[in-house]
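The chains carry the letters A, B, C, D and E, assigned in the order they are written, with residues numbered from 1 in each.
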Amino acid sequence: MNCMSCIEYIIVGVMIASAVLAVEWRDLLAAAVGMAAVSLFASLLFFMLQAPDVAMTEAAIGAALSGAVFIFAIKRTQRYETEEEEKPGWWVRW
Amino acid sequence: MISVYYFGAISLILIGLYAVLVKKNVLKMLIGLSIMETGVNLLLVSIGYISGRSAPILSEGIGPNQAVDPIPQALVLTAIVIGVATTAMALSVAIILYGKYGTLNVEEIRRLRG
Amino acid sequence: MNEILIILFTPLLAGVLAWAFDFRGVREVIGLIGAAVPLAYLVKLYPAVIEKPVDYALTVGGFTLQFQLGTMSWYFAAVASLVGLAMAFGLVATSRSGYDWLFALMSFTGVLGVFLSQDFIGFFLLWELMTFASFMMVLKRNRHESLKYFVLSVIGAYAMLLAIGILYARTGALDFETIRQALIIDVSLGTIGKGETILLFTLFLTAFGVKAGAVPLHVWAPGAYSETDQSYTAFFSGALSKAGVYGILLIYMLMGYKLYAELGTFHGHLTFAYVIAWIGAITVVVASFLAVLQEDIRKLFAYSSVGQVGYILLAFGVGSPLGFAGGLFHVLSHAIFKGLFWLVTAAIILQTGRTRFRDMGGLAEKMPFTFAMGLIAVLSLAGIPPMAGFASKWLIYEAAIQAHMPLVAGAIFLGSGLAFAYVVRFLYGVWFGQRPSELEDVKEAPLPLLLAMTILAIPNLVFGVAPGVVTGYINRILMGDVVGGDYYRLVTQTGTYNALLVSTALVIGLAIAGLVYLYGAKARRVPVTDTYQSGNPVTEEFNLSIRRNFYRPLAEALEFWLRYSWDRFYERLAKLSEDFADALRQAFYNGNVQSYSWYLAIVLLILALWGVL
Amino acid sequence: MNGQYASLLIALPLLSAFFVPLIKGLGERGIKYYLAVITALQTGIAAWVFQQVYSTGKPIIVMAGGWKPPVGINLYIGHFAALFVLIVAVVSFFTAVFSIWSMKVQPIDKYAMLFLLLMLGATGMIATGDIFNLFVFMEITAISAYALTAYNKTGEAAEASLKYMILGGIGSSFFLIGVALIYGSLGTLNMAQIAQLAGNMNPTVAQVGLALIVFGLAVEAELFPLNAWAPDAYQAAPHAITVMFSAFVVKAGLYATARLLYLMQAVGSWHDVLKLLVAMATLTVVVAEFAALRQKDVKRMIAYSSISQVGMIAFALALGSQAGVDAGVFHMVNHAVVKALLFLGVGYVGIKLGGTAMENFQGLGKRMPLTAFALTIGSLAAVGIPLFNIFWSKVRILIAGVEAGYTWGVALILGASVVEAVYYLRFIHAMWFAGEGERMREGLAISLILLLLAALVIVIGIYPDYIWSLAQKAGSDIFNVGQYIKNVPLMEVGA
Amino acid sequence: MLKRLLAITTLIIIGYWLAQGLAGVPFGQDRMLVGKYYLEHVVEQTGAVNAVTAVVVNYRGFDTLGEVTVLFIASTGVGALLWSRKKRRTARTEGSIVLTTGTRLLAPFVMLFGVYIFIHGHLTPGGGFPGGATIATAFLLLYMAFVTYEIPHRAFEKIEGAVGMTYVIVGLIGLAIGGYFLYDWIWQTWGWGHDNIGRLFSGGFIPIIYTIIGIKVGTELSGIIDNMIKEEVSK
């Protein structure tokens, strides 16, 4: 295992971690940032996969703009995910 | 053993789908969709990758046999733009929804049913 | 232009025109012409048909629709056209809208088409058209009854379609002749197994049973027959229900040998025919009992009609040539006497606006011609010589006895007795007795209606006195000397019926009675009140006059059986499925997008499991 | 004219959609009329293409950029595409005329753009011969459909749009994964070449790829249980848009499903996929019919009915026999006509009487007899009464179904059709024999459209031969993959 | 909790299935078919050095047209959904002095950089989409820094439309000149720039298209931002 693949593993690991965090954080603002981070790490991976065009596009559109749009939307709606009460019930609702 | 890129891509897809399946907040579901799209893009690019080759820019003495497949990259460019378009649309719908329903909890957004 | 095409589509065209030019006078003229043309052409084609069948083929939508006017189709078509013409005259008097004309004539086309079709696509198409048109006639009056009728009919039609599809898949053909031959060959090949044969038989039986009103698929009939224009009911009950009967014949023609080969015999009878016979017998008994208990004349005749069609099924179920002869004869006689009955009912309802026995009485003086017609119908239905009804019933009875089916014959007997019971009530309750004061101003029915009745009454008398005319033709259909004798005499292996002799005797008897009536003791006029209660005072709880709960004791005796009603069973089934539908959609389309995404995930999971495993 | 001019089918809507912002000054009416004019032009082009294809009997292959197929993207306007592009254009024209009168919600200019792009998307989906291009056009269709669903900006509209978006988003993501897998194993995106090479694919990849593609498209094609978005979207979208959804947006999805399915015939697990699709289609019919049974909202009821009909089309297309595909295409045409008629009529009543609840339809025969008449014709046709167009295609489908050995499926579909008859006939009863009302004025243009469509229903019902011959040609266009591969002028690429 | 467990199990099975499928497409191997053709012929056929750009704009130009359309739909759709007669910005806190000054200084350069990216799309990585996005980022920066800043959205809308039309018209010119829609008439018919491959003035219509795309993407994305950021003002 050379150092290049070390970096790959690390980036993929961090990307997955930020994805999990983006999904699990209750603060939507943080989640949006987490999502942008996923995009950012993905764009790094794109770069490593010899796709510089895609990397640039992902960084500019996927990370920056899509994150910004999310943040505006959060600003216009609500910032925190409401507490999920686990009410027992019909199977489709849970 | 599958490659780490494939692993990462599939993980992103699944995590995104997980958010859609479990999280009740609309924005969270949209974040999930967005992550899913990123995963798909990653998958596409990894499929086009060829070990030991460089980017498909044929200047500087890189010949046709030394470059990776350009098509998946072109496709991913399109897919990214489509992804952001969908996200923007979805978010504006979410804004309207919040205005009309006062909530973003999908369990309460169900006037249309049956 | 081909004659068959004219016969088929003139009524439809006339109907559309009558509907488009919906002005008083215009629509009636167009409609009458449309209804008269088929009969005229059928009469014109009679010599040709006797020689050899007249064919016509039409290509629509990639299907070839074949029509053929053979001896049997001619017979059925002629019966339908006769009743159809009468219906048209009736409609002139009873209907006020182009809507009725459109759909009445559309169903006329449908019925003719069913009789003339020689392939299943045309058959199904026109079958559906007929069902739909008759449904629309009912829908206008009563949504519930019409839907009941339609749902059952559509279930039948779709059962037929399924059967057609299976036959097509197995034989690769849609026309009757090829299918018939393919099925005969298939007996030795055996590509269609026993299970599939039974399935086909059941499907066809369901399809035709619904139209014929066989128990337990009869529940639509009372409602549908009563909740429409009564002139139309003459056709509905007289001709349209014959389509089901025709279908049963079709089963014999197409699948008879195959069914025999697969199912074998039972006590010396064809097993499948035995089933049909018993369905017929049960229909006769159940419907006749129910008819007796009705308080509404429309309902009474509706059940009676179901019962009479049961006779035909029973006759066909006997499976012998004589049985077919009887059944075919009864097709004619039922069409003419029941058509006549419904026209009489139409006249009564048109003039009085009443439908229940309790509101009627003493109409014979006010509507003498209608009464005379009603009398003919009653005599014919009750099977009293010398009417057409007697001849056909006699043949059926002979057939059942000859085939050693005593129980079935018993059903015929029982049915006849019950028929007598209810027509007597009709005869007395409506025409004689005390007239309610509201009915003092009732007038004779309008001329078109009287004409319509006459059209149907004459055959009743003619074919009653000369039944040999009909049996002669039936012999031609069955290609053998099934019923012997001449015009006035019917001869079978076990008996002879001389209609002329009987009629002469009857005429003489009537003459004597008339003389006695005229010159005998002077009749005393007494007020007719309910004085026959054996001295007991009449109370409202147990008022058993002829117009009110006359057969209530019978109902009480049958209480146990009356608790089970197919009608209620179906209603409950319908309710249940509607509730199920509601529950289903509330559970599935529950409005939560997360559940919806779960559905997607589940499909993916299924795909994944399918891929992984 | 050169066949390449068929690319105007794509270019014209695009150009005119981009032109809308520049003519915003014309005002609302101006833009609406502009919309009608453009759709009329599109109809003209489509008619020309149709005439070309059917008179020569050869498909038009539009090669974008002048590159031969596997290198460049080609449009394949064969018999099916020519027929359906025409239908798309005609229905769009009708809807545009209907919109002139019916659309009141601001901003109209944006509506016009989205409208044109929805039309474009469906046209492209039907015409394209490249699998990724199909994805792009699918997204164009889908995203403009999302926007148009929410266009009324009510809570319900936004809710429906959200549902559509989430499900559509999942579907399209998985579709793209499928495309990625197929590309990964074959190295090409051209449909004809995929069909050519499909047999050489690694069976696992082929199976997963095919399954994912069918899954993604089935969401668009409204197959059970992936169709949960559909009734909501149909109900909440502006009336004009619902017409388009039912008449051709779904059809485009169905067509894409069928096309890709038959192209991948050589794949090992193909028959299993077919079986799965047949099961899904049958369930679609049954569940949708049951769901429609007790609806109080007519638009939703017809939406469910539309879904069930779509299920029937999918059933026919998934039979895997020539007869089935022909019947399915025939049904597509008929269904487009009938559902356009029904949704236009219902939308008209909905605007005129302020809602599409069943109560509004009581006594419609007395208030708006022409509309009620047209709706009645449509309903009767939908039930499958003879002498109306759907009868023929339904019979064809069912016979093809039994022939292919799916007797159980046919039985279930027939059972569901009984339910369909019940609710449509209740609807007819409500219109004609219940309720009272004053006679209202009915708009000339819309009455004309409705009567035209109703006449079409009856004409096809009485004389189905012409459309049936078209459907047969179009059906063999889908079914006969060998011919398809031969028609596309593939060039040799690579080793 | 049950739901989560179920979800995770389901997803793991789906993931395993996908991985199984992907195992048939091993990572890092050369499976190119059409791609190889592109790499071999891209320079002579399109004049672009960057093969991705050539594929995006020229070989698969139809996709790109569709892609532009998708973005256009998104911008239109967002505009339609968040439409109201009166809209205004509602932010109150002005950006800090560092931000405002920095923005003042940077915004023109960011835009310029965006322009650079899309003009050199056929030579270097990048192109219309990232370039346009970069321009939009500049506007985003302006929005962030100044409370009252608004893009001239009417003009932007018109530019969007006009530029989009230009794209289609370029394609139609190709149809008129070369007989094919989106035909690269500059390179193939006129033969301009054959001698300076690898430099700016080459690549046929790719720079033109990428300029169009860049402007379009920039205006559209800024339009989306504008629509998202401004809120309806009551009365």
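Definition applied: a contact is a pair of C-beta atoms (placed from the backbone, for glycine too) under 8 Å apart; a residue touches a chain by one contact, two chains touch by 3 or more.
Model, not experiment: these values are computed from the prediction.
Enquirer: What chain sits nearest the middle when you go by CA atom centres?
Expert: Closest to the centre of all protein C-alpha atoms: chain D.
Enquirer: Any idea which two chains share the most contacting C-beta pairs?
Expert: Ranked by contacting C-beta pairs, first place goes to D-E.
Enquirer: In whole angstrom, what separates the CA-based centres of chain C and chain D?
Expert: Between these chains, centre-to-centre, one finds 44 Å.
Enquirer: Rounded to the nearest whole Å, what is the centre-to-centre distance of chain A and chain B, using the mean of the C-alpha atoms as each centre?
Expert: It comes to 10 Å between the two C-alpha centres.
Enquirer: What whole-number Å value describes the gap between the mean CA coordinates of chain B and chain D?
Expert: 27
Enquirer: Determine the centre-to-centre distance between chain A and chain E, using the mean Cα coordinates as centres, and give it in whole Å.
Expert: Chain centres of chain A and chain E, defined by C-alpha means, are spaced 21 Å apart.
Enquirer: On chain A, where are the residues touching two or more other chains?
Expert: Residues 51-54, 57, 61, 65, 69, 72-73, 76, 93 of chain A each touch two or more of the other chains.
Enquirer: Which chain C residues sit where two or more other chains touch them?
Expert: Within chain C, residues 585, 589-593, 595, 597-598, 601-602, 604, 607, 611 contact more than one other chain.
Enquirer: Could you check chain E for residues that touch two or more other chains and list them?
Expert: Each of 3, 7, 10-11, 14, 17-18, 20-23, 25, 31-32, 34-36, 38, 50, 52, 60, 63, 66-67, 70, 73-74, 77, 81, 125, 127, 129, 224, 228 in chain E touches at least two other chains.
Enquirer: Can you list the chain E residues touching chain D in their complex?
Expert: My answer: residues 17-18, 20-25, 31-38, 58-63, 65-67, 69-70, 72-74, 76-77, 79-81, 83, 85, 157-158, 160-165, 167-169, 171-172, 174-175, 178-184, 188.
Enquirer: Under the touch definition given earlier, write down the residues of chain C that touch chain B in their complex.
Expert: Residues in contact with chain B: 585-586, 589-594, 597-598, 601.
Enquirer: Under the touch definition given earlier, write down the residues of chain E that touch chain A in their complex.
Expert: 1-3, 50, 52-53, 117, 125-127, 129-130, 133-134, 136-137, 140, 221, 224-225, 228-229, 231
Enquirer: Which residues of chain A touch chain E once you look at their complex with the stated criterion?
Expert: Going by the criterion above, the answer is residues 51-57, 59-61, 64-65, 68-69, 72-73, 76, 86, 94.
Enquirer: Mind pulling up the chain D residues that touch chain C in the complex?
Expert: Counting only chain D, the residues touching chain C are 162-163, 166-167, 170-171, 174, 204, 207-208, 211-212, 215, 218-219, 225-226, 228-229, 231-232, 272, 276, 287, 290-291, 293-294, 380, 384-387, 391-392, 395-396, 398-399, 401-403, 405, 407, 410-411, 414-415, 417-419, 421-422, 425-426, 428-429, 432-434, 463-465, 468-469, 472.
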